[in-house]
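Working notes, beginning with the structure itself.
Order of writing sets the chain letters: A, B, C and D. Residues in each chain are counted from 1.
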Amino acid sequence: MKSYLLPEFKIIRDDDRCIRCQVCVRQCGFGVHTYDEENDIIISDESKCVGCQRCAVFCPTNALTIMTNPYEYRPNANWRKEFINDVKKQAEGGGVILTGCGNDKPYKIYWDHIVLNASQVTNPSIDPLREPMELRTYLGSKTNQLEMVDGELKTVLTSQVMIETPIIFSALSYGAISFNAQTSLARAASEFGTLFNSGEGGLPKELRKYGKNAIVQCASGRFGVDPEYLNSSAVVEIKIGQGAKPGIGGHLPGEKVSIPVSRTRMIPEGTDALSPAPQHDIYSIEDLSTLIYALKETTNYEKPISVKIAAVHNSAAIASGMVRAGADIIALDGIRGGTGAAPKIIRDNVGIPIELALAAVDERLRKERIRNKCSIIVAGGFRNAGDIIKAIALGADAVYIATAALVAMGCTLCQKCYTGICNWGICTTDPWLSKRINPDIATKRLTNLLRGWSLEIKEMLGGMGINAIESLRGNRHHLRGVGLNKWELDVLGIKGAGE
Amino acid sequence: MNNLQNGTSIKIDAKEIFYKDLNNFILDSALKGIKKIILNNVFGQRYIASRLYNIPKIEIEVFGTPGNDLGAFNDGHQITVYGNAQDGVGNTMNEGEIIIHGHAGDILGMSARGGKIFVRDYVGYRAALHMKHYKDKKPIIVIGGTAQDFIGEYMAGGIVILLGLGLKKGESHKPNFVGTGMHGGTIYIRGVVNSFQLGKEVGIVELTEEDHKIIEENVKKYANYFNKDVDEILNNDFIKLIPISKRPYGKLYVY
Amino acid sequence: MKRIQINEDVCIGCRLCEVWCIVAHSKSKDIIKAFKQEKPRPIAMIRVQEDIPISFGAQCRHCPEPICVFSCISGALYIDENGIVLHNSKKCVGCWTCILVCPYGAIMRNEDEKTALKCDFCMEQGTPSCVEHCPNEGLTLVEVSENGF
Amino acid sequence: MDFDYLIIGNSSGGIGGAEAIRKYDKKGTLAIISDEPVHTYSRALIPYYLKGNITYDKLYYRPSNFYNKNNIQTFLGKKIIKLDVKSRAIILEDGESLNFKELLIASGGVPFVPPIKGLNQNNYFTFTSVDDANKIKDKIESGHIQKAVVLGGGLIGLLAAEALSSFNIEVSVVELAERVLIKVLDNISSKICEEILEENGIRVITGHTISEVINNPDDPDKIDKIILDNNEKLDCDLLIIAIGVRPRLDFLKDTEININRGIVVDNHMQTNIPGIYACGDCAEIYDFILDIKKLTPLWPTAYIGGMIAGFNMAGHNKEFTMGMNMNSMKFFGIPVMSGGLIEKPDDGNYEVLTRYEPENMIYKKIILKDNIVKGIISVNSIDRTGIIIGLMRNNIDVSSFKAHLMSDDFDLIYFPREIRNEIFTGRLL
């Protein structure tokens, strides 16, 4: 069927600069560029271009410019280009439109409407360059009180996991991302003293040595879950849902289930790895509790158990149930959370922004006096240290970052993760493309990012006159809203700027 | 705790012992080198044998009614229940054997990736759900009676043998939606199943020599555990269900 | 003593090493001029070998006991004071004995000049150009002992 | 005069020895003796020199400051009369006696000239030294040379023929064997070489030899005609005899040094007399492919043999176990190489891979025994032949990449990963 779709991107090649070295030809996994030997020119098939910029970055003479194809349909505020093209796509293919990465729709990003406080005159700010600043964070359920007898601690403490910065790499499963990418996350987490999350695809044997820095997931597919896997971790996380696709399952297409992926997931090569929508042993809070304690039993009560849900309308009530079910950590993933593959219609329309969910959950748990029973990790599109520090002031213990980590490794959010082709070598299991991530380099890029953001958080903390991240947690007085409605301010539990 | 040690076996009255304490006791005993643990008066204690990761294989005999997730994540131990079991028997089990002298509840062997489960009588809903296999790790479930709906749902590997003992002559098996979403593994059913009872992802195929061997081998074990007549069980037709595709949802998407 | 280490696990087959080898051995040292104006265009002395998914760029290993030097009938190949194996094309007669003996296949033929051609470790510029421009550290400079790696 | 090290011979073997000694011993006294009164030069280049491809100064094997820089005393143009093993001395023609602690004999070879009726001292040329080349050059420059005959279809003979033909001289090559290059090529490859020569105007006569030389009645040093053993008569203005060299051993007469066809040495290149070493065309070295000791008159072998000797002379234990037949040739621009076995032996479990593309003049043959390469011949597809020689030297099993061996693009990429790792880290080859 003739496609009526126009190319999404336009490729401009400066012929004065193009030396026909064909680096672009070799770097494009989508086969956009080809060399025509007869005429000594490089031909670019724009219809295949995904705008990942790999060719442009690697072109040694900067001869390439990849830009959005500027074609226009008749302007229509309702029928925007995207919707027309999606309809064409489905008319031609007759299926669910898949996509990758996080929601790209212009929902209000509350971080951009919240501002932070700083000390002026009446309270001194702290210079983080001179004063010790504490970003160290402990994850896990905290006891109500500590009992001391004769100077000795009598209370038995629940298991805690210490991280040096409140930034954790979010779930990115092997199979969705390449082995080299996952290795880089593991190494960076280990070097910096934070955690990475295996995702639901198992943990390759080679990475078990980073277990002290691993959150391992137990999801509905139970891929690669065995007692050894569960015990090769710092935290076990029950994955109920994901911000990019709340309420639905997922599946890793058979073509991505290569030999090493099959070994890690413990399923035969080439079969679809289906993750059912619910975990079929969890239909209620009571069932959740059953699994939480099953995991605690299997890990000898040595590891905090996290439960991850997508941020949805009743997150607060659900979170309350989760804490009562025994979760030591609650992970909330907002509507802007990323994915390797999700139906576009779900990604773009289901769930709520993380800011609102976090505020609501924190508020609810405080009101019920069980906030200390769990740590809260929030996820879903954290773009910079400002977003993170605001999240902590709104009540989070730590944040999960995944998209930012991928961007640090080279990702340009071309949203083609679901194709299995990733020109940056991240979201692929193709051994040829996977080599593009050199774990030495990617680890460095990731630790640099963690370092940069941690320094920025310290700067902002110092400016507020705070020297430990602990003191900021849930301290909403340090936040003010700008351009927000009353209900928004109410849900966020913050005052408007100037108040 | 009242317990009685005799060589490498130990007996305990589990009455009113909190499950965590009971499991502590099992772990401690196993660490001490106990090879066989007999639990009397079990009444709803959960996760029996779940905390035995990386420990030499032991045998556990349960008298009474164990609670949910009996042998969840079981790492190779043998559990025999003299009584009925609850939900989640062998949940995500890795290795070992679970033998139930009675009925079992829902999600029996859910996501199991290895080991064997024998249930003398009936099981509840969604047995063998999302069970899988990898290389030589291939879970096997033998159920003496019949099951409730969704047996073998999302099944990705392993073997289920449903014997239908206790059904009247000509009476069909109970479950509907058998093998819904199934994309791997095999279900053998002895007795009558109507086509409308099957999920749309499964197909019926002829049994091969190899299939008969698998059935025979496991039925023998079943009969041996529960003192049944092998020949009588084998002297009946079996049907074999396998998934139509390794990729049941492969054509759902447009890129 | 520094040598070039080949790390095939992270070679992405971009062939930028070849491109920059050409530039480094051009007259202008300018990438666009080297490719678009200089005739004949210099020949890359590193060769990317590719059998997807395997690939790597390989050039002269600068062996501690270079059999090419020992075998050269004209004295065109020699070891300089840094232990680098160099080739004096003015002395070369193109007998290809070096090609016969090099176990790495690292010596090429300059068909126009009828002389051998090999990596000179970019002696003029310090870091070999292929190493400097490898975008993924598929080629790195490592310190090795007198006897090689 | 007393020397720590004496080296007889100023060509590749001698230089190899000198350079190796100087790697470890910068101070010990070292002298090189040669009967040729010239700076070290490359014999292998004389065809290029004769042809005019290179000028005289390009013949030099090492820069002009070589002896100085390496603190080497030279006795050039001095013939050796005698080696006195007992007193550890050599006696020069002029009576001078040079004592040594360690001696390397790299005296090379002398061209072999068979007895032919009509041949005298002055009516033919050999072609192994720069002096020979200069004489031929002079002869050609004196004019009147229209037809030349080269006796010997080996490498030197053919190269001489090609050089002569570049002067528009009509050249015939006479070879007694049924084909040229019989020692280094197989049937097909030598036929290809013959074809190349014929296409370029050189007549190749195989299966015959010269039975008589008819001299000019007026000038006995000038040949008129050559008569072959089949009575064919060839007009001839210039005769070159190039049927091989024999070890130069005259000065070793009556010494207790073991000599077979050449000087017998062990893997350290040492003769039966401690402290006396030999290498190059005058010595028999170990051929690891054939598992015998034999004369292997090759430039690289001479150098490496000398080098090994030099290391041992300077006190560094080293062995030469990698000797083998190998040749790189070029006829009218077409490159030809061979190494190791050229024909499959009758016995043993040998396998032969061949590829012959007459239209492209490409021929490749690899001989394997139990998946180990034992020989290669390649015509016009020679790039990276060294990799295959490396496989031979390291006894590498090629079964996992045999399919790629014969292709033009054969390369390290087809090796198993482990072998490649070892290669790249220098643990192999």
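Definition applied: a residue touches a chain if its C-beta (ideal position, glycine included) is under 8 Å from a C-beta of that chain, and two chains touch if they have at least 3 such contacts.
All of these numbers come straight from a predicted model, not from anything done at the bench.
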Any chain that touches chain B and chain A: none
Innermost chain, where centres are averages of C-alpha coordinates: C
Interchain centroid distance [CA atoms averaged], chain B/chain D, Å: 80
Centroid spacing, where centroids are CA-atom means, of chain A and chain D in whole angstrom: 69
Between chain C and chain B, distance of the C-alpha-averaged centres to the nearest whole Å: 64
Averaged-CA centre spacing for the pair chain D and chain C, given as whole angstrom: 29
For chain B, residues that touch 2 or more chains besides their own: none
Interface hub residues of chain C, defined as touching at least two other chains: 55
Arrangement of touching chains [line / ring / star / complete / other]: line
All pairs of touching chains, each written as two labels joined by a dash: A-B, A-C, C-D
Chain C-facing residues of chain D, complex: 12, 16, 42, 44-45, 48, 53-54, 58, 60-62, 299-300, 303-304, 307, 326-328, 330, 333, 335, 337, 339, 382-387, 389-390, 393-394, 411-414, 417, 420, 423-427, 429
Touching residues (chain side chain C, partner chain A) in the complex: 9-16, 19-20, 31-32, 35-36, 52-53, 55, 133, 135-138
Complex interface listing, chain A residues touching chain B: 89-90, 92-98, 218, 220-222, 225-228, 230-231, 251, 253-254, 262-263, 265-268, 270-272, 274, 276, 280-281, 290-291, 293-295, 297-300, 343, 418-419
Chain A-facing residues of chain B, complex: 20, 23, 27, 46-47, 50-51, 53-54, 68-69, 72-73, 75, 87-88, 91-92, 94, 107, 110-111, 113, 126, 129-130, 132-134, 137, 153-154, 156-157, 181, 183-184, 246-255
Residues of chain A touching chain C in the complex: 16-17, 19-23, 26-27, 58, 60-61, 425, 430-432, 434-438, 440-441
